[in-house]
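Both complexes shown next keep chain A, but they swap its partner, so chain B is in the first and chain C is in the second.
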Partner chain A sequence: MFRQLFRKHEFFIAIILIVISLTIGLINPRFFSLANVFSLLRRATIMGIFSMGVLIVLISGGIDVSFTGIAIFSMYTTVSILVARDFQGSIFLPFIISGLLGLILGLINGVIIGVFKLPTLIVTLGTLSLYRGAMLFFVGSNYYNQAELPVAIKEFARASVFTVETSSGKTGLHPTFFILAFLGFIVWYVLKYTMLGRSFYAMGGDRESAERAGFNILRTQLIIYGFAGLLSGIGGMIVGALFRQANPFSIVGTELDIIAAAVLGGASIAGGRGSVIGTLLGVVLITIAKNSLVLLGIPSEWQRVIVGFFILLGTAIPMVQSLVVQRRLAMQRDEIPVTS
Partner chain B sequence: MKRILVAVLLLGLLLSACSPAAPAEKPVEEYVMATVVKLTGVGWFDRMEEGVADFDAAYDYVEAFQQGPSQADAALQVQVLEDLLAQGVDSLCVIPFQPEAVEPVLQRAREEGVVVISHEASNQQNIDFDIEAFDNAAYGRHLMDHLAEMMGEEGEYVVFVGSLTSTTHNEWIDAAIAHQLENYPNMMMVGDKNESYDDAQTAYERGRELLVAFPDLKGMQGSSANDVVGFGQAVEEAGLQDEIAVVGTSLASMSGALVETGAVDLISFWDPAMAGYACNEIALLVLQGETPADGLSLDLPGYESLTLIGKVFYGQAWVDVTLDNLADWDF
Partner chain C sequence: MSHIENTETHNQSLISRLQSFIKNGNGNIVRLLTAVIVIFTLLSMARPETFLTIRNMQSMAFQASEIGILTIAIMVTMLSGGIDLAIVSTASLSGIIAGMILTSMVPPESSAGTVALGLVLAILAALIIGVVCGAFSGYLVAVWEMPAILATLGTSLLYKGLGTAITGGVTVFGITESQFIGNGEVLGIPFPLILLLIVSIITGIILSRTRFGINLYMLGTNPTAARFSGIDNRRVLIYSYIISGVLSAIAGIIILGRTNAMNVDFGASYVLLAILIAVLGDVDPYGGSGNVIGVLLALVAMQFLSTGFNMLLYKSSGANFFKEFAWGALLIIVLIVNHFSDKRRTMRIS
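The block that comes next holds the complex of A and B.
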């Protein structure tokens, strides 16, 4: 039982998470206050939604850096359209429009990657810049502030599921947390129980074999990048709504943190490995590392150093662990006499 | 050509030796005065253009206008300046995107006899004068005075800068902290200078964290225009509008909604229209042969008594906006 757990990457991430949380909590007990837990969850939600798209792309052996470009394009374009039309309706329409725009841009990625068989990093680096540039040029570069946003978006920003009065003011859990929980469940289910999910792993493990085994690579890639685009569109809209502004220069630049979270959670850059639980643990770990430095009383100059240190620590320990496991496996293999 | 005429004429008048019959066909000179901004099409410089237009309307012998690149790019701004020099202007009022990048073209302008006044560039070299809306330290102290008043001169406060490397922000905040230590002994800064990276999202996240870390927090002083926006949202969500005083540099268009809910209590900025007007006013004085000196008074709010240090004129032209006068400002 324990040996099995020891081999699980997620187990190690969870241990590191608990150790870090306890350490921070010992230094400053307010770390465990409801206000802090809810605000950490709120921040982790945004990263979490993007990380689900990043995860399936990584599993399939690709790497997508354009998702922040898709997110800002979808969100900013949606807000521009709604503001121009003086939109008064509910919050669902903005999410639908933004999600659809994301889906379209993701499919463009998928077509370029699948049809022309180009390296995913190069393609998405190109489209990251292309999507953002197209948005700044064709849609605009003005900042929409709180007063200009549709009412539904402003109300959504203030929404809260359980509101609790604490010593440091009111606090509550934002409903976007449930969007993440829902999307996370879907991705988990698809990866674990469907043939589609198997095809992602198969492609990432060995593309050639997957193709020979009868998986339609082009179709799978369209699904992967389309879905990643859809998630980016939704994630982008959540950023706009939670921060009550449409700033065309935001979001882009955070892609590496999110990819790091997925890798930290056990997804392999080489493809074929990765899980929803691991990725979400990685997201929480990075969120805590980045957002507890004031609680720890670390001077501003040192904060970036500490974040880098946390990421290195978080990736190094599981790496060492997997090396140990591999070595043990290799030793076991050597001991087994070769037959046939 | 016109410039040479002007120069000759002025020299003549100064020496009082010239015959009064000199260029009789052109008795009143028309000065062509250009204002070159960092970027066109943004709220800040659109507002400045209003000031330049007012200046143009105020003097019938002056043709004043504003130009600038459509992208925030140092090379494009140099191009605009070169084009204006080729067209022949009498004065340039320049808000450089990158002060060092425009030095060569400003040097050429001055060699050609063009009067050069800069704004937001107190270390510019090739200029006649620079005009700043205020002295950075005085502005920092001014904001601290408001913060102290709202906090009842006691309690914990936090400060924000756009980045630890942004000079003006740190000058404001350092002066404010020194002022507090000297005059408001019951107030205490908690934590370090917080960085927002000029981003409301980061300011918001830092704000939520600070509210947890310091439950007795009573005040906040921001520096970048986004600091009070993000921090104000965090305060509003926590329902602490009445407990925490939030003051800082921002614009009514950016934080107006938060001023209305009381999450942000006071924002301060300088009016670019006034700055554009003042910049051209000084250029005109130089063109007319006067030597502006310390104590110079322009007929503009905040620029009534300018302090001259080196080549730099400082006003006291900050504008404070609270709930009471929010409606007067639309940029």
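The block that comes next holds the complex of A and C.
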């Protein structure tokens, strides 16, 4: 039982997370204050929602760097439409429009990648530039501040569950946390218990074999990239709501942090690996690395070094593990392993 | 490879030589050359007073040189089937180190000897940084067998982070004398362009005439076959990332010279642009094919297009936004077109 646990990547990440949290907390007790925890959760929620899409894409053997472009396109376009129509309705409509726009853009990715069998990194680099450029040129590049946003979005920004009074004012858990919990559960269930989830892993493990085993690769890719797009659309709207502004120049540029979180959590573009729990742990770790190392007295300039180091570490651990296994197998078979 | 069939077709007429040139998989070069000529003609007719001037040609050459060197850098790694996403971070880290050495070693109004010594040391340091950055990425890819995308994403964050940590996030400046590298001219030819041409020729020779070059193409085409034909895949991979690092460092020195300033966030969009030009120049993202001539032609085509957009959209503020949109669209279209022409090529062989 314990040995099995030890082999799990998630176990290592959890240990690292606990050690780091305890260290920061011991040096600076403010780390464990409710205000700080809620503010970390708020940031982690945004990354977490994007990371679910990134995770599925990574499991299927691809990499998607366009999701931030999809998020900003969907959010900004939705807000522009709603502001132009002087929208007064509930918060659901903005999320539906933004999600649908994200779905469409994600499906475009899926069609380009699936139909023409093109490398995912290069395609999504292209569509990232395409979507953001299209938004800035055709939709607009003006910034909507808090006063201009639809009422529903402003109210949603203030929503809170478990409100607590602290010395610095009221703080609480934002309901978007439950959106993440819900989405996380769905992704976990799909990955673990459905044939669709199997097809993601099968594709990432070995595309050729998956195809011969009867999985419809094109359909799977459309579902993967469509779903990632839908999540990006929803995530984009959450960013707009939580920061109470529609800034067309935001979000894009943070994609590496989120990919880093998923990789750190054990997802690999090379081997059909990755889990929801690991990814969420990775998200929390990156969030702490980006926001809380300052509490330890580490200068903010060093944060990027640490995040970069974390990515390499997260990528290296599973690679080294598989190399060790390969060597052991090769020794058993007493022949040279065919690598690379 | 073009030099092989050149000897066979020695006595044929120009047209049949051209035909066999196209048949040997060089159709893309002819296509690119046509595109360059068409865009050039269109722009010359549309805006002869601004486009067809020596000043404009010079300013285009200045703009294209650094991105050209970065594209050759990423091409070398793409030939192996990998990719080096850390080119821009390596360039900025090298530029930062060079700038810091220059400003600390060469105070204003120092003697010519100090200036020369400072420049030599700064350039050497930048190149060494390039070698180290490239070697580290290559080590992760070759020895630890990390996927190139993830390894270089990680190293690119790491190098950028080191740049931030060293400078504290502020901009580093160069000195007046170092500006020649980025802004100087020799007989009216921009100095960065001369550097680009030297880099192109040397890389071209390394790729087509050396054992390493041939091994790199073989590795990119089929790593297992390369391994079983006795090629040390790891060494070839590490060398390819070192070349990429050194070329990135050269681009970093040029950027420092041209803008006389360097900070970690400079040129974030250059990675996309370099990949776009490489793919446009028919470098196969899956490895094994591509050459310097294709990349240079694609570079010229892109620079003409970029200048063209600026000229046509000079009235609106959205020229840059439109370019961002157009580069993305172009990359996707070229990928799809290449996909179909590759399919034709394989069908003809089989």
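Points to keep in mind about this one:
One rule holds for everything that comes next: the second predicted complex is superposed on the first by the 293 of 340 C-alpha atoms of A that agree within 3 Å, B and C clash if a C-alpha of one lies under 4 Å from a C-alpha of the other, contacts with A are read in each partner's own complex, and residues count from 1 in each chain.
Keep this in mind: a residue touches a chain if its C-beta (ideal position, glycine included) is under 8 Å from a C-beta of that chain, and two chains touch if they have at least 3 such contacts.
Just so it is clear, the model here is predicted, and its values are computed rather than measured.
After overlaying the two complexes on the shared chain, residue contacts for A:V324 are found with neither chain B nor chain C.
Shared-chain residue A:I186: touches no atom of chain B or chain C. Contacts of A:Y131 after superposition: chain C is touched, whereas chain B is not reached. In the superposed model, A:A260 makes contact with chain C only, not with chain B.
With both structures placed on the common chain, the touch criterion links A:I63 to chain C but leaves chain B unconnected. Looking at the shared chain after the overlay, A:I27 reaches neither chain B nor chain C. Touch criterion met: A:V294 reaches chain B, while chain C stays clear of it. Chain A has more of its residues touched by C than by the other of chain B and chain C.
Within chain A, the residues touched by chain B in the first complex and by chain C in the second are 299, 301, 303. Within the complex formed with chain B, the residues of chain A that make contact are 28, 30, 33, 35-36, 39, 43, 143, 145-147, 157-158, 167-171, 239, 243-245, 247, 250, 291-292, 294-295, 297, 299-301, 303.
Contacts from chain B toward chain A in the complex involve residues 164, 191-195, 199-201, 204-206, 208-213, 215, 229-230, 233, 235, 237-240, 243, 253-254, 256-258. Across the complex, chain C meets chain A through its residues 83, 140, 144-147, 149-151, 153-162, 164-165, 167-169, 223-224, 227, 233, 268-269, 271-272, 275-276, 279, 285-286, 318, 321-329, 331-332, 335-336, 339.
The touching residues of chain A, counted against chain C in their complex, run 63, 112, 116-119, 121-123, 125-134, 136-138, 141, 253, 256, 259-260, 263, 268-270, 299, 301-309, 311-312, 315-316, 319-320, 323, 338-340.
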